[in-house]
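Pasting in a structure now, in C-alpha cells, and then I'll have a few things to ask.
Order of writing sets the chain letters: A, B, C, D, E and F. Residues in each chain are counted from 1.
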Amino acid sequence: MKPEGLKLINEEGLRVDGRKPDELRPVVMEVGVLKNADGSAYVQQGNTKVIAAVYGPREIHPKHLTLPDRAILRTRYHMVPYSTDERKSPAPTRREIELSKVIREALESVIFVELYPRTTIDVFIEVIQADAGTRTAGIMAASLALADAGIPMRDLVAAVAVGKVDGQLVLDINQLEDEYGEADMPIAMMPSLGKIVLLQLNGVLTEEEFKQALQLAKKGIMKLYEYEQQALRKKYVEIKPEEV
Amino acid sequence: MSITPTNLRIVSTLKKHSMASLIEKGLRIDGRKLNEYREITIIPNYIAKAEGSAYVKVGGTVVIAGLKVGVGTPFPDTPNDGVITVNAEFVPFASPTFEPGPPDENAIELARVIDRSIRELRVVDLSKLAIIPGEKVYILWLDIYVFDHDGNLLDSSMLAAMTTLLTAKIPKAVVKEEKNVELNKEEKIPLPINNKVVTVTVGKVNNKLIIDPTVDEEQILECKLAVSISEDGRIAGMQKMSTGVFTEDEVLEAVKLAKEASKTLFAKINEALSKVQ
Amino acid sequence: MKPEGLKLINEEGLRVDGRKPDELRPVVMEVGVLKNADGSAYVQQGNTKVIAAVYGPREIHPKHLTLPDRAILRTRYHMVPYSTDERKSPAPTRREIELSKVIREALESVIFVELYPRTTIDVFIEVIQADAGTRTAGIMAASLALADAGIPMRDLVAAVAVGKVDGQLVLDINQLEDEYGEADMPIAMMPSLGKIVLLQLNGVLTEEEFKQALQLAKKGIMKLYEYEQQALRKKYVEIKPEEV
Amino acid sequence: MSITPTNLRIVSTLKKHSMASLIEKGLRIDGRKLNEYREITIIPNYIAKAEGSAYVKVGGTVVIAGLKVGVGTPFPDTPNDGVITVNAEFVPFASPTFEPGPPDENAIELARVIDRSIRELRVVDLSKLAIIPGEKVYILWLDIYVFDHDGNLLDSSMLAAMTTLLTAKIPKAVVKEEKNVELNKEEKIPLPINNKVVTVTVGKVNNKLIIDPTVDEEQILECKLAVSISEDGRIAGMQKMSTGVFTEDEVLEAVKLAKEASKTLFAKINEALSKVQ
Amino acid sequence: MSITPTNLRIVSTLKKHSMASLIEKGLRIDGRKLNEYREITIIPNYIAKAEGSAYVKVGGTVVIAGLKVGVGTPFPDTPNDGVITVNAEFVPFASPTFEPGPPDENAIELARVIDRSIRELRVVDLSKLAIIPGEKVYILWLDIYVFDHDGNLLDSSMLAAMTTLLTAKIPKAVVKEEKNVELNKEEKIPLPINNKVVTVTVGKVNNKLIIDPTVDEEQILECKLAVSISEDGRIAGMQKMSTGVFTEDEVLEAVKLAKEASKTLFAKINEALSKVQ
Amino acid sequence: MKPEGLKLINEEGLRVDGRKPDELRPVVMEVGVLKNADGSAYVQQGNTKVIAAVYGPREIHPKHLTLPDRAILRTRYHMVPYSTDERKSPAPTRREIELSKVIREALESVIFVELYPRTTIDVFIEVIQADAGTRTAGIMAASLALADAGIPMRDLVAAVAVGKVDGQLVLDINQLEDEYGEADMPIAMMPSLGKIVLLQLNGVLTEEEFKQALQLAKKGIMKLYEYEQQALRKKYVEIKPEEV
C-alpha cells in the first residue's frame, strides 16, 4: 500500500530523487575488479551496486552434464544478506532462482557458445546493495565481465527498467518507484543489433503504454550502451547522466 | 544456479524440419492455424475436497489446480489483506524430461508469472479476506500440478488457476473467544474476485509467431514470450521465457496476437462457469 | 478421539455411508489416461482418486545405480497438496516415504524384473483426492499402468483395506472409519496366484479377528480383480458394487 | 522416491547355500532352532543424562534408545494429550551398507512401525501428559540409534524402545506465573504406562519360517513379516517389510510363531525391569 | 562428514619450490618479510543500506562484511542480552575452488572462530542490547562475504567484522503499546563496544613461521595456526586450522608472532576509524 | 551467566567434582567393541561417553572423489539426540561440522595415508553422553579404533582440555567448568613425538597462562597416553586417576 500523501511525481514533473521522467540514475562502471575471476565488473546505478564474475570456458565433472556441440552456461544471481532493507537469508529465494534463469537465457543468446563445446561458462552476479534495477545492473555487469574474460559475444547487453508511477512512464526506476508504482518493466537488449534478450513486465499497461515504454527503454539502453563501451575502453567510467 | 538444460526431449530432425517448414507456410503439423489453440476442456470443481479446483486439458496437456484455505497471520506490510501463495510442481509423472526433487526453475518461474498477473490485477480481492485485521487473515494456497506435458504449460496452468479462483467457495470464518478463529465448513462463501486474467504464450519460428505450441513444437521455437491479458484487454504481465531474441516489432506483434487469442480463452472460462452456476 | 455419539455402525448394521460391512465402495477404473507415460491408469474408490504413470524400462545415469541382472524399480507415492482436508506440503512426508517403499516392494515381486537388466522401471502414483485406501487404490492403479505399459507381470495386483469399527470387521474403509476405527489393515495380492504382496496392520486385532479380516479382504480383492480385468479389456469400467 | 537398493551386503554363495540348506533341515548356521532368539542383553538406564534409555544387544546387533522430554503445545486434534515422537537413525557407524545423510526409508519405516504399535496400544498414557490442557503438554522424543547391525534391527529396536519407556523418569512440570512451565529436574516421576508391546520379525526361506535372522541370513530371506504382540497376546501391528510374497497360511503361521516368541521377549524385559526396581 | 578436499588449487611445482626455498632464506616471493602483511585497505560504511559494513582488501583478498539489525526474542539462558549471529559464505564467485551450495566446513569454521573471539572478549556489549528484558532484544546478523580469495581469509574477515562492529549505527528501538517494538531508522545509535580483537594466522613452511600467506603460499604450508589477539595483547582464541603438526615451541613462537603482528592490524583499524569519526 | 554464588574452586582448592586442579577424571577405555566396524573403541571420561568406529581402507564411488597418491579421510563427529541436557536434533549442527573438520585434520597427520592410494578411511565418532571433553574423548576413541583396525599410524593420539575457572588453570574440565569457566583449551598430541595435532582455545588467556596451560595439558596427555597403551594391550582399562 502506498503511504498516504506520497507523490512519486511532483508538481514540476520531477521524481522523488529529483530526476526527470526520462532521466537515468548516475552510473559507475568498472571492468576487471577481481583477481581470481577470468573476467569481472562492477556496476552501480543510483544506489544499486552489483559485482559480476565470469569463470570459463572451463571443464566440469561429471562430463555427462556438458553438451557435445556447445558450452553450457551456469548463472547465479544472488543478493548478499546485507544488501536489502531487511536482512535476506543467504539461501536462494524463488525470486533469485527465477532471475538466475531469465539472465542465463538472455546471455545464452549473446555468447557464441558453439565455440566451446563440452565446457561450462560460469557467470556469477552478487548484488551488494539493492535499490531497484538489480537484474538490469546485474546483466550489464555480467556482459562487461564476459567481455573482460575475452569470451566472444554478438554484442554487449545493456538493460534498464521502465516503470509507471502516478500514471506516468519513467525511466530507470528506483526502489520507491518500484514499491509504489503501477508497473515495472525490465528489458535487456543487444543494442547495436536491436534485439531484445530479456523482457519482463510486472504490472498493468495498455498496449499503447507498452509501446511507449519500449521506446523509452530503448533510449535509456542506447545511453547505457555508450557507457559500457567507454568502461571497456577506460576500465572505469563514472557518469551523472542527463535525460536521454 | 541456473544451468543450460541438457536432458531435452528428443524430436527427430525430420519432424523438426517438417514442423518448421509448415509453419513457414502458415500451417501446423496438427492442422491448426498459427494463431489457433488446440481443443480446450475445462472442468471446474474437479476435486471435491479442495475449496476450489479445475481440470484443464489443452491438446494433450493436462493440469489440475486446487485451492486450499487456512487461517494465518498477515504480512506486516499488508496487515489488512489475506495472503495467497501460488505453487507449481512439474512432477516426473508428467513427462520423461521432468526429474524428481524440489520444484525446478521452470516450475518456479511459471508459478511466479501466474502469481504476479493475479496479484497486479488484484484478481482476488485480498482486502476482503482479513478476519481480524492485522492479526488473522485467510491464507490461500493455489497449487498447480501438471499431469501430462504436451506443451504450453503456462497458458494451461493459468486457465486452471483462474477457473479455480472463479469457482472456489471458502468456509466462513467464525471468531471465537480469545481471538480464536474457526473455519465453518458447513457455510461456504465465494472467493471475492475483482477481475479475470489469462496468459497467452507466443512462440517464434523462422520469424513467424505461433500460439499454443505442442511439446514437439517447443523444440523448434527460437524464442517464447508469455503475455498476460486482462478481460478488458490490458497487458497484465509479460515474461520472455526462453533463450533467443525478439525484435521490437515482433514483441508488438506478439502482444496483438495474445490480445486476440485471449478472447478464446475467456470464452472457454465463461462457458465453464456458466455450466457451474 | 472419536466425537461423542458418533456411531460407525447403525442399528441396522449399516455403515456411515450406508454400506453393509462387506460391501466395497463404488469403483471407477480407466486405463491409458496419459499421453506421455508409457502406461497409465486412473482408479477411483469412493471419494479416493488416484492416477498412476509408468515410464520404462528405460536407461538411467549414472550407470552404477543399475543392476546387471535385473531392472531396478523406482516408485513414488505422493499426495498432491489439495488432496487432503488440510493442505499437505508438497515435500514428501515420512508417511509417503514409507508407503513408496512398501508399494515398491510389493511390485518388485510382481514384475519380471529380470527381463530388463541395467534399466529402471519408474512407477509414479499421485493421489489427487484422499478418502482412505489411497495406497490400495494406488497399487491397483500402478498395476493397471504397468499392464498398459506392456511390462510382463506374474499377475495383476488387487488391494483393499479391512477395518475394525465399533468392534466389527468391515471391508474397504472410508476416511471416517479410518480415523475413528480400531484397526486398519491394507492388503494387496496377486489374486489368481493367492500371494500376498503387501500387508500392514495399524491397530489391534486378536488372532481370530485377523484370520477373519484376511478372509474378508480376500473376497474384496477377488471382486476388484474382476473389475481390473474388465478395465484392461474395455479401458474403462464404472461399478457400484454389491456386497461381496 | 523409493529405489531398489543396489549396495547390499555381500555374502558368499557358499555361505548362502549352507545357511539355506540348514534351515531346510530345521537348523541354523549358529546352532539355533528356527524359532529361537539369539542371546539378548538389556541394560536399562544406560545413558544417565537421558530421561530414559536402554542398551539392547541381540546377537551382534546393538541398539541404544534414549528418551528426552520437553514442553510444547499439543496437536490441535488431541489438545489434552502429550506428544510422543519416535525417530530412528541407521548411522554409517553401524554397518558398511549404511550411508550418511538424512534417515533413509528403512529407518523411517522402522520408526513408524514402532510408533504405530506404541500408539495403537496406548502404551504410554498420553492423556496423563497434559500440563495445561489445550496449551502445554509434555513432548517426548524417543530416539533409536543402531550402533552395530547384525540383523533384526526392528525387534531389537522395539525392545530398546519399550524398555526405555518402562524405566523412564520424567521431571515434574511446575506451572509458573503467566502459564510458564518449568521442568523440575530434581523431582522425577515415572512415565505413565498402560501396556507393553514387542515386535517379532518372521522371515521365510524356502517355505520355512524363522525368527531373529542375522544380517547374513537376511540376505537369503525371500520375505519378511513383522508382527507386534501385546503382553496379553493380541496383534498390535503388522508390516510386510521386504519384497517377496506370502501365502495366507504362511501369514497365519507367522502370527502364531510371533505370539509364541513374544513370550521370550517379554520375559527378557521383565527380567531387566526387576533388576532396576 | 568432513572429507579430505580433492579440488585444490593447482600451483606449479616450480613455483612451490621457489616459494619454499625463499621462505627458508627469510624471504617471500612477493618481496615481503616473513612477518609482514600485504597492503591492507579498509573502507568502513561501504554498504549504505547496512547498519554497519566494511570493505577489506589484504593483498588480492577482498572481503565485505555487513551488519543487519532486527528485533527478536532472547535465548532462554541469556534473557537480558541481545543476540549476535556471525555467518560467512565462500561463494563460487570468489575462487575457482569454491563450489556452490550451503556454506562448507571452511566457511563455517571461519565464522565460528570469529564468533567465539567476539563473544569471549565481549566485543559487543550484548547486555546493552535488550529492549524489553526477557522478551525483546536486538538481533544482529554479521554476514561476511568473500569476493576474491587470495589467501588468509580469516584475518581479512576478522578485520572486516571488527571494523563493521566499530562503525555500525543501529536504529533506536521504540516500545509501542502491547510490547510491540519498532526500529526508528531516523535515529541511530552506535553499537555498544567493549573491546577490539584481530586474528593473525601463522603458517609453517619447513619450520619457518610466516604470516598472511597468499593463496599460492597456502598450498605449501605444512600447518596453520590462527591466533586472536585483543587490543591489550591477550590471546582471545586459537584454532589450528589445517592438517600437519606443531611442536610446543612452534606454537609459543606463533603466539609471539601473532601478538606482534596484531599491532599492525589494530593500527589499520584505528586509522580507518579516525577517517570516519 | 554464572549462577550467583557458584564457586568452581572451593576454599580447599578443590573443584566442583572434588578433583584437584591437575587431576584427570576417571577413565574407561575399551577396544574392539563393535562387530561390523573394522576397528572400534569406547572411551569414557567422567560422564562423557564416546564410541568410535573405523571402516577402511575401502573403495568409494565415484572414483574421482579419491586421490591417486593417498587415502582420503572421511570423518564424522556426531552427538546422538539423547546425549545432551536438551534433546539435540539429529541433523549435524555447525558445531559438529567444525569439530568433524578439526578432528579429520588432526588424524590426517597421524595416519600413513600414503600407503592406501585411491581408497577412503572412514572414522565415525558418536557421542552418546556429553559432559565436556567430547572432542578429546572422541579423538582418543578414534585413535584406538584406528589401531584396532590395523591402520598404520605415526603414534597414538591423546587429548585433553585445559580450562581456566575462577582464575585458575585446571585439567580435563567437566561440563559445569566448561559452561561457567573463562577458557577452554582442547589439545591433542602424538605424545611420544611431542607433536600437537589439534589445538583450539575458546576464551581469553594471557601469553603466560597459555604457556602454563600447555604444560598442564601435556602432563594430562602423557597419562592418557599410558592408559591408551594399556587399553590396546588388555582391550579394557578402567582407571580412577590421581593428579598428574
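Heads up, the rule we're going with is that a residue touches a chain if its C-beta (ideal position, glycine included) is under 8 Å from a C-beta of that chain, and two chains touch if they have at least 3 such contacts.
Computed from a predicted structure; not experimentally measured.
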Using the touch definition from the top, how many steps at minimum link chain B to chain D? 2
Counting C-beta pairs in contact, does D-F beat C-D or the other way around? C-D
Looking at Cα centroids only, farthest away from chain C lies chain E
Expressed in whole Å, how far the mean CA point of chain D lies from that of chain E is 47
Averaged over CA atoms, how far is the centre of chain A from the centre of chain D? Could you give it in whole Å? 57
Chain C to chain F: how many Å between their CA centres? 52
Can you list the chain A residues in contact with two or more other chains? 62, 64, 76
What positions in chain B touch 2 or more of the other chains? 1, 100
Within their complex, state which residues of chain A touch chain E. 34-37, 47, 49, 51, 53, 55, 58, 76, 78, 80-87, 90-91, 122, 124, 126, 128-131
Chain E residues touching chain A in their complex are 47-50, 53, 60, 62, 64, 66-68, 70, 87, 89, 91-96, 100, 102-103, 141, 143, 145, 147-150
Residue ranges of chain C in contact with chain D within the complex: 1, 64-67, 72-76, 94-95, 97-98, 100-106, 108-109, 183, 185, 190, 193-207, 210-211, 214, 218
Chain A touches which residues of chain B in the complex? 1-4, 6, 77-78, 105-106, 108-109, 111-112, 116, 120-121, 225, 230, 233-248, 251-252, 255-256, 259
